[in-house]
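Heads up, the next two complexes both have chain A, just with different partners, chain B and then chain C.
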Partner chain A sequence: MASKRMKKGVAKEAVTTVVVMRLYIAGRAPNSVKAIANLEAICRQHLKDAFKLEIVDVCEHPQRALDDGVLVTPSLAKLSPTPSANLIGNLSDTSSVLAALGVAQMAPAR
Partner chain B sequence: MTVKSGAGQLLSKAATGIEGFDEISLGGLPRNRTTLVMGGPGTGKSVFALQTLVGAARRNKQSGIFVAFEENIASIVANAAAFDWGLPALARKRLFFMNAQLSPAFVATGDFDLGGMLAMLEAKQLEIGARWVVFDGIDVLLSLLRTPRAKMREIYRLRDWLTRRELTAIITTKIDGEVASNDAANYGFLQFMVDCVVRFDRRMEQGIPVRRLEISKYRGSAFAPGEFPLSFGLHGMAVASPGPTDVPQEASTDRVSTGFAGLDQMLNGGLFRGSSTLITGAPGTSKTTLAGLFAMRACERGERTLFVSFDEGGERVRRNLKSVGIHLDAHVKSGMLQMYSGRTDAVNPEEHLLRITAQMAEHRPRCVVIDPLSAVFRTGALSSARAIGNRLIYKLRDHHITAMITALVEGDDAQAEATELQISTIADNWIQLSYLVCGGERNRALTIVKSRGTRHSNQVRELILSDTGLALADVYSSGGEVLMGTLRWEKEAEERSRTLLRETESAHKRRELQFAEADTAARIAALQLDLERHRAALALYTRDDAARHVSSGERHTEVRRLRGANGEEPAGPGAKRRVARPAAHTRRNGNGEERARRGQ
Partner chain C sequence: MIDAPESTDPLLAPDKAAAAFKAWLRRLVTDTAELEAFDAGEIDAVMDRNSVSALLLPEAQTALHDSNRIVFSALDALPGEVCVVDTMGIVVMTNKAWRVSGAAHARAGLDVRAGENIFDACLDAPESERAHANAVGIGLRKILTGMQKSLRFRYVCPSPRGRSVFTLTMAAISAQGPVNTLLTREWHSEHEQTKARGIATVARAGVENRLLAALPAKDYAQLASGLESVTLTHGEVIYEPGEPMREVYFPNNCLVSLLTLVEDHRALEVGLVGREGMIGARLALGAAKSSVRALVQGTGTAMKMNAKRFLREFRRSPALQRVLLQFTDRLMVQISQTAACNHFHLVEARLARSLLMTAERMRSAEFHLTHEFLAVMLGVRRVGVTMAASALQRRGFIRYRRGNITILDQQGLETACCPCYRHLQVMNAEAR
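And now, the complex of A and B:
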């Protein structure tokens, strides 16, 4: 698996904002693998292409993770739009992920 | 990767550098293994962990990583500024702090693990060459894991990682009074997993917080069992270790003055060096004065001295002692004397012991005064107070310090009270000061209750204080009653007048005898003269008699010659004259002899 993946999706429809996120994972640890799958599903279902996701493998870029203040893996940082949010865990609790990402409010606009 | 865990192989230990802890753990923490530090909030877990890292960094130039789950790094560094560790400089060079507080803003969205964090720490370890790691407040992290299963999994992960990385690790975890049952299982598991468990505890004992630690598990090693008190000083945490269990064999026969000639005399020359002397007495029996005198004389001899006073500042002690002619200011100025004053109302006895020990380590005294030790016992339980008294005396003895310790005893039965403290059994000498009330006044009395290995006076003495200092006076006992003060003075006056009378009488007698002697001598002289007169008379008689005998012989010869001469020489008037002459001649001769004797 690529340690760092960029997925850029540009909204073709009238989506007001692009959600910028960074996911920190630890190699192929079960929770990390689950987190990627969960996040991809959520994005596909709720964000369409209106998101930017960077995946950082802490095992390969520990200094970057240290600098970013990452503690546990997996963890997801929502960088924009404000308010920013930090999520930890494998993102299996979809409703709280959506709430933290502010997707629930965006849903009607879709 | 080498795993050093062969059977029978001695466990390697890494010293913590924490005073006392390395003694009770017989060398420190298990090297390359994990130690769990448990305790309630504010018991000193984090200080223990951080001080160990700091110690390793300072002494052995070993790097370490501190992962703080609970407390902010900035506040940890700020708190540590109270200690003389030089933490900011160390933090730049050898220590790495990882801020690992999971803020409440974190949204939990499911299971997570420590894989990422351990990967980061591994990178950091390689970067700085860390030998030590501390996970401070792992309970905070574990509480975020929802299932016991997950908690256990992460504990395993941590253990495996630590083993792989060959790090000497300290994990601290908070335990409150009541641990939730599912947590208890985890703590049990944590304890099982690690090689060494140290428990911290903070209790209130009669209104005074007392911190203690206990090693409850040490795989593959012996350790000192039981709880040991902690204190926090300039150098950080210190554990009150009991010290060596063997009593040192050496015993000095070198005598040290008590500073008080009268007392030295009572003790047959003074105290043995390295002995401890307990002075007990009611308030105002001048215990401090005796102790102060001891301190002053010790300083004058050039022996470094530590004066520990409780509930009274050094200034006040010196001022009060000045009034009885004991001057300590100059010795404080010259550095010979160190005064340390402690308040006893807010500090537990253990803490005092540790502080006194710290003072001793700093000043390196040969003589120590503690005035009064009983003040320390006011706080805390009696049993712990006793233990502290014992430990203090043992410590002094181990360092070969001559000590004078005062203890206040109140009440009628001072002896029983002092025994209750049980110092008296360990102290080498015990001097008791008391008030004796008789004849309407109170007077100070000094008794040596015991003095090991030395002949000592069994007499009660009266202790007299004046501007010039102390003096001891013999007391009179008359009719089974001890006389002191004015009664003693009266008795002394009486004694004086009696002595005077006796002296007068004897002088008179002497004169009489002298007269008799002179009289006899004079009579002897007179008799001598008489004797000589008689002798002279006798001699005179003897000589006259001889002369007469000679003259009669002569006369006979003369007569015969004259008869014969009738034929040879014509008889004439001359012959007649010759016959008459011998008598006259003899008389003259006798007179001449007498004259010569007189001239002698």
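And now, the complex of A and C:
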């Protein structure tokens, strides 16, 4: 699977900070598929359009994962805003994902 | 660094090896959070810094293998014939349809199997399909080197029933890194082949007219929709002098006399048209009215066409123009020769010529011509015809009974006829 870049425009509402993330996955392996689905659901619900997500397939680009210090996949890296954070696993625990992304305090958008 | 267990391929190894491999992978992971996720079964792969690759956990490998199996079984379920080759030309996979049809066609036409090299198959192709195989080999190299994205080939190869034809499509499989190529094979059924090969022959069934047959298939197809098969019977008048020609006719097996009228009642045959020509060619020369009486002499079929449509087709088709000009030239030669013949030669010789020309156009040694008709053809009285016919019969060249004529001795009749017949034959042969 090629690495794909999902860019979304910044919403005009109160949310002005754009969360930039990178998700490392291993092809169509089960946990990787789950991680993508979970993360996209969380982003849609809590971040609206205020996020940028890049997905890196480590089967295709192993060197990139190693360069970024990623050892296991699926692995989510929050790059901005600071502080940066890392999350391992299939991202099924929404609250820990929100905490890592620093959006836990925000009221969930309907 | 920790050494990997002996068998690191859990697909080939029993569960124990898979467990050992997983345990070994776990030892590569050091971070607490990563270990937790690992134990929770939320990890798919661990990076190996030495080989710069992702090592998939046994569960992930099984799942990927299963998803591949779904892809493979989906390909097998396809009715189309599919084959994938890698950058070296080695066949990675073929689907069921490909294998089945390969067996059905006695493995003709680059029928490669998984693991075989398609370039080798191209080189080893039998002599009869060498040219096609070479083209495929060259095309495949273009795709593998990125010069082409996709190519189509028409491939002809021998088969138990004569020959088989298929279309081979090659397409680069777009992915980063090395280029794989997808080949699909589409056989053309015997029916389609005959259809493609013989559109003209199928459409021309029942059309014996030589002018129509001389047209290229495309021009004939244009004309065909305006043609209608009709039967012309003996004694039928198609045109009268001075009357407009509303239709043209391409005789198949009928015979039409062109008669010039003198004093409105005495007629003389100046031309004879059968399957080698057409009635109404004068239209093409710009005339709208007939100059002669066109009288059906031998019953048979002809292809009829509306005069307007004919003129439209004539203007449009250079091939039709060429064919008609050639015919008009032959007709002019025939008419001038007949005119001279009628003046100089004896009735017996002219009768012999007339019978030979009729037999030739009717493609039959037996036909029906009455005394009256022959008298008109030759421009003599009935008595003259009776005497001449009796003379030929006495010499054993023909049998003549109540208008039914049978040519018994073709060569003998040729010796009896005037040189005009031979002359016309030579002219026709040259024109063809």
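By definition in this document, the second predicted complex is superposed on the first by the 101 of 110 C-alpha atoms of A that agree within 3 Å, B and C clash if a C-alpha of one lies under 4 Å from a C-alpha of the other, contacts with A are read in each partner's own complex, and residues count from 1 in each chain.
In this text, a contact is a pair of C-beta atoms (placed from the backbone, for glycine too) under 8 Å apart; a residue touches a chain by one contact, two chains touch by 3 or more.
Predicted model, so just to flag it, every value in this text is computed and none were measured.
Touched residues of chain A, counted separately for chain B and chain C, are more numerous for B. In the superposition on chain A, A:A37 contacts neither chain B nor chain C. Touch criterion met: A:A85 reaches chain B, while chain C stays clear of it.
When the two structures are aligned on the shared chain, A:S96 is found in touch with chain B, with no touch to chain C. When both complexes are overlaid on chain A, the residue A:P74 reaches chain B and chain C alike. Once the two complexes are overlaid on chain A, the chain A residues touched by chain B in the first and by chain C in the second are 25-27, 29, 31-32, 58-59, 62-63, 65-66, 70-74, 86, 88-90, 92.
By the touch criterion stated above, chain B contacts chain A in their complex at residues 98-100, 102-103, 105-117, 119-120, 122-124, 141, 144. Residues of chain A that touch chain C in their complex: 2, 25-32, 58-60, 62-63, 65-66, 70-74, 86, 88-90, 92.
Chain A meets chain B in the complex at residues 24-27, 29, 31-32, 34-35, 38, 58-59, 62-63, 65-66, 69-76, 85-93, 96-97, 99-100. Remark: chain C residues 28-31, 33-34, 36-38, 40-47, 49, 52-54, 56-57, 59-60, 63-64, 67, 175-177 touch chain A in the complex.
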